[in-house]
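Here it is, the structure in full.
As written, the chains take the letters A, B, C and D, and residue 1 is the first residue of each chain.
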Amino acid sequence: MMVIINNKENADRIGDYLNSLKVSYQTYNTTESIIFEINDTKNVLDNKIIESFEGVLYVTPLVEDSFLWSRKNKTEDTSITLDNNYTIDNKHVTIIAGPCSVEDVNQIEEITKGVIKAGAHILRGGAYKPRTSPYDFQGMGKDGIVLLHKVKECYNIPVISEIMNINQVEVFKKYVDIIQVGARNMQNYELLTALGKINKPILLKRGMGATIEELLCSAEYILKGGNKNVILCERGIKTFENSTRNTLDLSAIPVLKKLTHLPVFVDPSHGTGDWNYVESMALAAIAAGADGIMVEVHNNPMYAKSDGIQSLNLEHFNQLITKCKKVAKAIDKEIL
Amino acid sequence: MMVIINNKENADRIGDYLNSLKVSYQTYNTTESIIFEINDTKNVLDNKIIESFEGVLYVTPLVEDSFLWSRKNKTEDTSITLDNNYTIDNKHVTIIAGPCSVEDVNQIEEITKGVIKAGAHILRGGAYKPRTSPYDFQGMGKDGIVLLHKVKECYNIPVISEIMNINQVEVFKKYVDIIQVGARNMQNYELLTALGKINKPILLKRGMGATIEELLCSAEYILKGGNKNVILCERGIKTFENSTRNTLDLSAIPVLKKLTHLPVFVDPSHGTGDWNYVESMALAAIAAGADGIMVEVHNNPMYAKSDGIQSLNLEHFNQLITKCKKVAKAIDKEIL
Amino acid sequence: MMVIINNKENADRIGDYLNSLKVSYQTYNTTESIIFEINDTKNVLDNKIIESFEGVLYVTPLVEDSFLWSRKNKTEDTSITLDNNYTIDNKHVTIIAGPCSVEDVNQIEEITKGVIKAGAHILRGGAYKPRTSPYDFQGMGKDGIVLLHKVKECYNIPVISEIMNINQVEVFKKYVDIIQVGARNMQNYELLTALGKINKPILLKRGMGATIEELLCSAEYILKGGNKNVILCERGIKTFENSTRNTLDLSAIPVLKKLTHLPVFVDPSHGTGDWNYVESMALAAIAAGADGIMVEVHNNPMYAKSDGIQSLNLEHFNQLITKCKKVAKAIDKEIL
Amino acid sequence: MMVIINNKENADRIGDYLNSLKVSYQTYNTTESIIFEINDTKNVLDNKIIESFEGVLYVTPLVEDSFLWSRKNKTEDTSITLDNNYTIDNKHVTIIAGPCSVEDVNQIEEITKGVIKAGAHILRGGAYKPRTSPYDFQGMGKDGIVLLHKVKECYNIPVISEIMNINQVEVFKKYVDIIQVGARNMQNYELLTALGKINKPILLKRGMGATIEELLCSAEYILKGGNKNVILCERGIKTFENSTRNTLDLSAIPVLKKLTHLPVFVDPSHGTGDWNYVESMALAAIAAGADGIMVEVHNNPMYAKSDGIQSLNLEHFNQLITKCKKVAKAIDKEIL
């Protein structure tokens, strides 16, 4: 760590502090300043405390290379192969589609057949639903997960569903192909730590109030445990603009692509909260370089038990895929 | 529920939809519109779907009175009496103070003695720490909670600490007086539901990306379970301004006071992220009508294992309390 | 205007208020409420005042159709033909490119030749620069405008530049093809009003803190004066995310396309503040349906007098256009 | 300026760049890095360009001391004495009150008498109104300014009104005591520059999308011209929270007080947009250290031509002042 201080008096104070913590360092004098090179291998220093000393002009920020998500630690982009041999990588655009909530066998079967026919690679379906109001439909719970699993077996399509707490890890491990951590749990660190200990792919959604850096730090909790199969998913942040439910931050795609080797997905359904805008934003996400999109589709949106307003019907979803393929091709990517 | 539609053709479509859901209604014709009064006792309708119909001019928004937090359902403000008979209410300003993290017995004892002497009513101390980076100090865990409890017994001061997951409920019930739900877990609905089933007071912090309405909906998860002892706590929201770590939304105080009977606290330490601004914001919170403040205090902030930069030392805390008492008195409140 | 009130007592109060303002109305009684249909042709009522009356459940919001920007008032999308017969419309993607600031004759000539060769349709170049700090380069002023005009004559390319105050209208009218109103002046209503009285095309940038609705209201100031040639331009809004200078709100494209007949452009250079992200965001904007993009290009970005960090060099710009053409084609649009 | 680079190869590139710009520098080698001390007296370097070079670890940020607003350049807080000898300073809390718009002679006289009686020091009244919609009341224009001036003469109270463009400077100079620059014009740099050349006190409101740093940079435009009488005014920023019209950022008070010697005012009326919250926020602003508050007051808010919903009536204003005096006293300030 390097610290630059404006004059000798202030430098002496920093020196005393470092001595009191038994941290070794070396100093250099330049015309305008004194420079400390600090050897803090035990990580005892808090950057913000150092910055708060009088006369401190600069403290080396946290070094990016120390994180497992960093491109500096892994030259190749992460690719994730599912049980059915479908691979998520940066040469293809993966399409995840399905209803907000699994509601009953007919609903999920009809949607599954529809999205497979249109070309989706992975089926989504919520069983445990994090709803803002306790009076809204809370999902089918474990029955929903089991139902999703039956559909998976029957139609041979990988499935993804959202986990809500650490006690559900075993069930999700058994029944789903990808475990989703929702925006509201992005900083539920105990859950992330638990998911780091298994080997299932995790799709981690960005919190509505979380920066890109915070998203990456949350991914680190999973990676650190040994689970390398992490997908990041942008789904809209809170801003003052209220014509859409959230503001889909598509700049996050190139920013994340520059920083990390992990796959980057986009959810335009939650990102906009209105099916009218889903197609435009899905195409934009692909053009900006997303490795996958996650879209809510319902056989009968008006009668959906949750999020009907942001769900595409099967016909619109079919049109969307056709357009997605064209845009993917325009940027030299493929949709299998 | 009332729905207003612009013309007969569109009204017919809504009528068909309501019929298909077997929801009863009555209509009125005015010069410009058709009005539906809908009797949806089973709560099958989704407001957003109704709004999305063509020609819909208005749909009654979610009715505030249906929530337990609403002032419309309870004329008196909620007051909460702790085991040592100290009462949190709207006539007093309650002071919670203590370190970000419990670090060791000497640290917590010295701080406890200091904050009690200065006039704090409740001692805070983190044991399980939700840290953005997995490489930062994660707290002492259960040892920290037990240590906090020993201090409580020894110095006769109620204690508060942050819970991180549903499996910790029993431990927290046993050892602390108030259970804190942190900003990152504000929408961890399974945790909130679990806390609704016990009788301990809960201090619920507003998420950094959460609206006031979402905070109240989260409180409802606890209240609905039967636990009426909920304290709301503003601690700063994410905005574009970066001279403070978050933007403390003090308008939330009068807004919440208008809507709910629950006590409203403010945490100026996390809200600003810099001890230099804590005093101003604490005084402002009291002047704006907060029922309590929660302040980070450390015997030696520069050597704190977490959040030292936003912690007051004991001397500054002492000065703060003196000023708080004056401001509280100026608005006819008291600090015991 | 329609107002719905919960009971008779409160309805009487509204009645008295309307009577005092001599506004006529009719009432209807339903089971749960009393409805007022108000005939306020003289526009004397303030919606917010009406809403503040006790017991008011609903007030008709401001009606969209009353604005000239509304799609409800004009079935065809606005197209704008420039003096050289190039037309901005919804079937093509228009490319505006050039330096942040006109610096000298060599710089502007070299850039002009480069962007024309790559395929740009319109040349941008700032002469009056709104800089956050008064100590930064403030532009060449009128000399810059004249220089831009010479280049236009010489290379036969339309030019756009940013206006800063009402006293510059005559100069801009004479020398440029499109007048840009910058984000910082989006609510400089006197300037907008002055620009409504001339016939030049205006490119109106969205303010960094402005909602889509506010952008449209600002456009209305120009349209109302009689100038129908308004282009809207998204260029990033202020949010808590700080890995990009602003957050480019691409959802604004489909939202604006739904509401208005005016052309919608996107500026990915200011929107991200970093040339590394410009290509991704430009392609995303086109995929989302933008009618044009505005990109900063410099022959030697490292030596630019302003905004070098967000400027593409000529080689990158050339690559960008090649990719833009492919993405435009993928969504059935053309770049001439 | 100091620049730190990670290795020799990258350092050579920076060296070449500096040489090409004929900027002199000196280098130091440490174990981990090479340090450049650059002597850039002519200000030709752009920090962001330097930062974009490969291997650059650090560039000295813009130095605060170089700005006239900086506390580092002026030990004493700025105080401003008006023509009637009333002084705005940091020992008192100044109260500005009055209607959003001057409407007619009776209205302004009644309000003036009321606010003087209650204890206001300065009368506010808008004549040129920046309204989001062009169809809203745009103010009385010059007649309003003249009317305000007559009231000033008659009741011997200083007046403040908002200026809209550079052509109005002479009129405002003649008729008002303090010229207000509104939030929408905070970055109208030509107006700021013009106001720097006169000697009238300027109250500069923070833009709804502007950071504290940007506010200070705008103040610098005025100070740089020679006009030292600048008052800064916080009035709410745009955030995702929508229960108040804007989010009043009261942390801006201690942050500004730490950085600048200029007086800091707060406008709780625009900051909240709802008169119900004005009192709480006014008291909070004073407790946080504001040197003045600016409050909208109307003799008959329900019949106001603009902003009635956020205006206090005279009775509430009277109560507010009583409470303000108590809170001011609690923090050892005085309201004359």
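Convention: contacts are C-beta pairs under 8 Å (C-beta built on N, C-alpha and C of every residue); 3 or more make two chains touch, one makes a residue touch a chain.
No experiment lies behind these values; they were computed from the predicted model shown.
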Both-way neighbours, i.e. chains that touch chain B and touch chain A: C, D
Pair joined by more contacting C-beta pairs (B-D or C-D): B-D
From chain A, the most remote chain by mean C-alpha position: D
Length of the line joining the C-alpha centres of chain B and chain D, rounded to whole Å: 32
Rounded Å distance between chain B and chain C, as computed from the means of their C-alpha atoms: 39
Inter-centroid spacing, chain D versus chain C (mean Cα positions, whole Å): 26
Residues of chain A engaged with two or more neighbouring chains: 209, 211, 237-240, 242
Contacting residues of chain B [partner chain C, same complex]: 2, 4, 26, 28, 30-33, 35, 37, 57-58, 60, 238-240, 242
Of all residues in chain B, those that touch chain A in their complex: 17, 20-21, 43, 46, 48-49, 51-52, 62, 66, 130-135, 164-167, 184-185, 187-191, 193, 207-210, 214, 217, 220-221, 224, 237-238, 301-304, 306, 308-309
Chain A to chain C touching residues, read off their complex: 209, 211-213, 237-244, 247-255, 257-258, 271-272, 276-277, 280-281, 283-289, 323, 326-327, 329-331
